[in-house]
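One chain, chain A, links the two complexes that follow: it is found with chain B in the first and with chain C in the second.
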Partner chain A sequence: MKNTIRQIFHSSKFVAGFVIFVAILLFILLYPLFQPGNPLEMIGVGTFAEPGTYVSLYDSVTAPSETLNLPDAASNRLASVLKEEDRAKMAEYLVAVGVPSEEIDVADTEALLALWEKHYDETARPAGMTKATRNYYKRLNQSLNSMGSGSELSVVEQGEGGEASTIATIGSSDYVNVRKVPNRKTLLLGTDNFGRDVLKELASAAGTSVVIGLIAGTVATLIGLLLGLLSGYLGGFVDDIIMFFTNIFTVIPSFVLLILISYSIGQDQRGAGVVALVIGLTSWTWTTRSVRSQVISLRNRDHVNLSRLSGHGLFRILMTDILPYIASYVVMAFILQVSSGILAEAQLSLLGLGPKTTEVPTLGLMMNWAMLYSAHLNGSWWAYFPVILMITLISFSLNLMNTGLDQVFNPTLRD
Partner chain B sequence: MKGYWKYFRKKIIWFLITFVAAVLLNFVLPRLMPNDPVAAITGKMAQGMTDATASQRIYEQYAEEFGTNKPMIEQFFIFVKNLFRGDLGTSFSQYPRKVSDIIASSIWWTIALQLPAIIVGWLIGNVLGALAAYVRKGFDKVLLPLSIFISNIPAFGMAVIMLVLFAVRLKVAPTSGGYNYDMIPNFSWKFVQSVIAHYQLPFWSIVLVSIGGQAIGMRSMSIYELNADYVKYARFLGIRDSKIVGYVFRNAMLPQITGLAMSIGTMVGGALVAEIIFSYPGLGSTMLSAISGGDYPLISATTLIITLMVLVISFLLDIIYGFIDPRVKAAQFD
Partner chain C sequence: MKMDNAKDQNTVTLDRRRDISQNPLCLSGKGVTRVFGTGRRQMTAVDHVDFEFRKGELVSIVGESGSGKTTLSRMLLGLLSTSDGEIWFEGKPRDISTRAKKRQYWKNIQAIFQDPFSSFNVFHKIDDVLLDCIRMTGGRDLPKEKKTELMTQACSFVNLKFEELTNKYPFELSGGQMQRLMIARIFLLKPRILLADEPTSMIDACSRATILDMLLNLRDEIGMTVIFITHDIGLAYYISDTVYIMEHGKFVEHGSADEVILSPKAPYTKRLISDVPKIHEAWDLSTVEG
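== the complex of A and B ==
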């Protein structure tokens, strides 16, 4: 036993998969400790807030400020305010007044502004430009000038009687130390369509999905193991019956059975545990087949015959004389069942047949909501990409472990 | 030829048995559940209705239409009779369209998308896997983990990544649908062009997902065969390497065909979900709209059709297998 384990940990594939899987488990277990709270709490009001650190605007007004004179502050500010379409319009104007288009680079704010200052003339009337367009450029020029000038902003507090009093004036060179702002929140993966913290939700969802995979894998492996042992060892009529059903359920896609059963159970009864159970109940056929073929090759070995002659019962023979020899296959089958169980949950959820949404997040549900709110079309990568990556990594790590085990137990596959 | 016939007859009988089992399951499973589908529908229809007798009447009408007020056995015979006439009932969510019409308009999209994609993915994967087994060095260190990684990206994940990359960012392909939304299906060149443009992303995402798994399976199979005694013996006899590789490939291929027959259901399931991501007008999207619309007859019809498709494909694979594997013929003389 000890030797086998040492051998397994010599396989680089197994170790790589194991390390990834343990890292994912640590993330699932430890992240909630550092960031306690309900993962389904809706902290944002809008949908899909971008990842980043959020600092309270309200608090930063009254927080103590320092004056810093940074050389490129003004141009940075302009660069962030100047929209894509305004830049394109500016380039259009510059072309219209005769600047060669290869000199204009809309991404380089400073060069663009310099060109603009040099060539913009309020009184000029480039050919073919309507009055409305000229007025647009006039407004654009004005706002560019005012942004560059760095005029002060006043923050006004509205009193109870409706009278306004200025509580702060903010100059363009006032800075606040982020640590002096009492309310700030770092959302490494932003928020989802409900305004929930994606990272926190991801940790909890990955946990639920792994549990779903484990339950489904355990159920499928137990059923498959039991049927495979009986069918392989007893043979004859029992074998015929079991293989009859196994063959039928191998060909009928388990995906279809899963849809039919999940739909029939109904949204209200569909908790994460029930979904896991149903997945397990529809995916035992693979294990049954492989266990059966293993047992058939074992049942006439001498030690099994000896045990039979000694009058040992069926249960004892199966447990002590056969099971230890196929244990490695069973473990490998279990690993694959776990990974396909996680995938099955995700696919069911995408069809709208996943666990009910209000209780726990799962990876499939997160994916489903991201798709329903078109996160993939409006560029909110943080709502779906981490989920895909998480599913891929979990199943990748499990499959790597499986391949590693395969190479240990099937020496012909070894490097 | 006699041996083959025996094999085919066995396979045909199995096909019929599984087909009957599939129909039976499709009929029984939803009816075994504690929820009465008719009651659920009535509940939805009668929302906000205060008159109890009115909702009672709706319930009775639907119970009559679906025959749920009759005993199980009788219901089953009605179900089978309608099935043979191609009558799958009337859709709720797209009332008064016939379920069979909806299926007929979406099934060809699914077949035309998935069948070529799975075949192409399977072929590329097998060739790559056999090459990898032959070359070994280099592949095992870098490409094997990489292909395991890619094969573990779920089909819908691959679909989303391809969609975002090629349709949203690079804008080289349309984002959704099977053809431009302002077109009516016809046989003009423009329409065909639009269909081909919409076909690319779903097709390649299914191909990419299936390559990895097949390549890994083929690699281990080929390595196993390369170490077999007959290969060593053939080398002893001085048979050319290319000829040996041919034998090895053929022998390693056989389990891959069985593997395809056994995993075709899973692959179709994954590809159906990938269809949804692209809003491809196939069975996957039909199933999604049926589920979200609580359209019970349409759900049971799509699941039945998908099962039938998978059954037919695995039956055909069995037949092909019988032709390729010489051992099948030999087994008949036992």
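== the complex of A and C ==
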């Protein structure tokens, strides 16, 4: 046993898969300790806030400020406000008034603004330009002038009687130390469509999905093992009956069955546990078939005959003379069942047939929400890409572990 | 027909043969048949064989691979059901319809298998194998010292040292040692019939004589019937009282060892005998079919 475990941990594939899986487990277990609270709490009101650090605007107005005269502050400010299409339009105008296009660099805000100031003339009428376009340039010029002016902003508080009183005046060179702002929030993966912290949700969802995979894998492996052992060892009529049902379940695609059962259970009854059970109950067939064939090859071995001659009963022979010989195989089958259970939950949830949405997040549900609110169309990659990555990593690590085990236990596969 | 080679290879003498024709019947069968598969894939492994094994007799069943020897042995052991025919055990029809009756039957008949390397459960220690035998013969509640004494006795009968074997696994032994451990197991169980299915074919020639010697000693010691299954007609001649020749699931010839081998009647027996390689002659391959 000790030797076997040592051998397993000599397999680089198994170790790689094991390390990834343990890292994911640590993330699932440890992240909620550092960020406690309900993972489904809606902290944001809008949808899909971008990843990043958020500081309270309200607090920063009243926080003590320092004046810093930084030379590129104005152009940075302009650069962050000036949109891509405005820059392109400016370049278009400059070309129209005769500036050579190779002199224009839309990425260099300062140079672009210098050219603009030099060449823009409100009264000029470049050939082929409509009045509407000229008006657009007029507006653009005005807003550029006002942004560059560095005028002060007044913050006004509205009193009870409706009278306004100025509480702060903010100059363009006023700075606040981030640490002096009491309310900050770093959202590494932003928020999702309901304004929930995606990272916190992801830790919780991955945990639920792994549990679903484990329940489904255990159920499938236990049923498959029991039927496979009985069918293979007893043979004859029992074998025929068990294989009849196994073949029926094999012929009907289990995913169709899964969809039908999930649908008929109804949204209210469908907790994560029920979904896991349904997945387990529809995916035992191939474990049965492969365990059966392994048992058939063992059934007539001399050590089994000797055990029978020693008067041992069916249960004891199955448990001590057959099961230990196929244990490595069963462990590998279990790992694959866990992996396919996680994938099956994701597929079901993507179709909206997964666990009900109000209690716990799962990886499949997160994908479902991201899809329903078109995260993939509006560029909110943080709502679905980490989820896909998580599913891929879990299933990759499990399959890698399985391949590693396979190479240890089937020496013919070793390279 | 020269059988010198059998004598050359083994130093055990031939005068073990005794007259057993007056002993009571131990195991007998009439029309025993086993058919595998159905329809077009139907195959008759054992085809209506009759036999009578007497108490204390050493019977050899000889035949080439695939002749149905092992299937017959499994039926005799009760590990495989018969398709047709009846088997009598000590004068009464054998009844192994329930588990309790099977257990009772297996107290009387035990086996040694061909491949010592696959005969033991690799997850069980040697002690477990021997303790199992003590338990089976009703020694479950014996004190620990008594059990150890029994196991030591059994091991020393086959020239093994129990102190060296205890807490070891079977796969740590050599093939010859494992097969001797099998005999120690039989020594503890003391069955009335021992079915030895090619017990020496996977063992080198030196250990072979030792194993055979131990088997024969054991037979003399507890007076059991030995059914020896082999493909080696020379070996069969040298140890058996009676020889059954099996071809394609049928017994083509049987009788005392001298009768069958010194004056064979069936062509198959003649062929088997001529196929035995002889040390001082060129090997005659002319009888090989195809």
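Methods note: the second predicted complex is superposed on the first by the 414 of 415 C-alpha atoms of A that agree within 3 Å, B and C clash if a C-alpha of one lies under 4 Å from a C-alpha of the other, contacts with A are read in each partner's own complex, and residues count from 1 in each chain.
By definition in this document, a contact is a pair of C-beta atoms (placed from the backbone, for glycine too) under 8 Å apart; a residue touches a chain by one contact, two chains touch by 3 or more.
As the structure is a computational prediction, the values presented were derived from the model and not from experiment.
Once both complexes are superposed on chain A, the partners chain B and chain C fit side by side without clashing. Looking at the shared chain after the overlay, A:H376 reaches chain B, while chain C stays out of its contact range.
Chain A is touched at more residues by one of its partners, and among chain B and chain C that partner is B. Of the two partner chains, neither chain B nor chain C is touched by A:G162. Contact with chain B, but none with chain C, is seen for A:M367 once the two complexes are overlaid on the shared chain.
Of the two partner chains, chain B is the only one touched by A:F255; chain C is not. Once both structures are fitted onto chain A, a short way to say it is that chain B and chain C open up an angle of 60° at chain A, using Cα centres and rounding to the nearest 10.
Using the contact criterion defined above for the overlaid structures, shared-chain residue A:P324 touches chain C, although it does not reach chain B. Once the two complexes are overlaid on the shared chain, A:G313 sits against chain C while remaining clear of chain B.
Contact with chain C, but none with chain B, is seen for A:D302 once the two complexes are overlaid on the shared chain. Of the two partner chains placed by the overlay, only chain B lies in contact with A:L343; chain C stays clear of it.
Legend: residue contacts after superposition of the two complexes on their common chain; A:T392 is shown touching chain B, with no touch to chain C.
Of all Cα pairs linking chain B with chain C in the superposition, the shortest spans 5 Å. Within chain A, not a single residue is touched by chain B in the first complex and by chain C in the second. Against chain A, in their complex, chain C makes its touches with residues 74, 77, 79, 99, 102-103, 106-107, 110-111, 113-115, 118-124, 132-133, 136. By the touch criterion stated above, chain B contacts chain A in their complex at residues 14, 17-18, 21-22, 25-26, 29-30, 32-33, 35, 37, 40, 140, 145, 148-149, 151-154, 156-157, 160-161, 163-164, 168, 175, 216, 220, 223-224, 227, 262, 264-266, 268-270, 272-273, 276-277, 287-288, 291-292, 299-300, 303, 306-307, 310-311, 314. Across the interface of their complex, chain B is touched by residues 13, 16, 247-248, 250-257, 259-261, 263-266, 286, 339-340, 343, 346-347, 350-353, 367, 371, 376-377, 379, 381, 384-385, 388, 391-392, 395-396, 399-400, 403, 406, 412-413, 415 of chain A.
Interface residues of chain A facing chain C in the complex, by the touch rule stated above, are 301-303, 305-311, 313, 320-321, 324.
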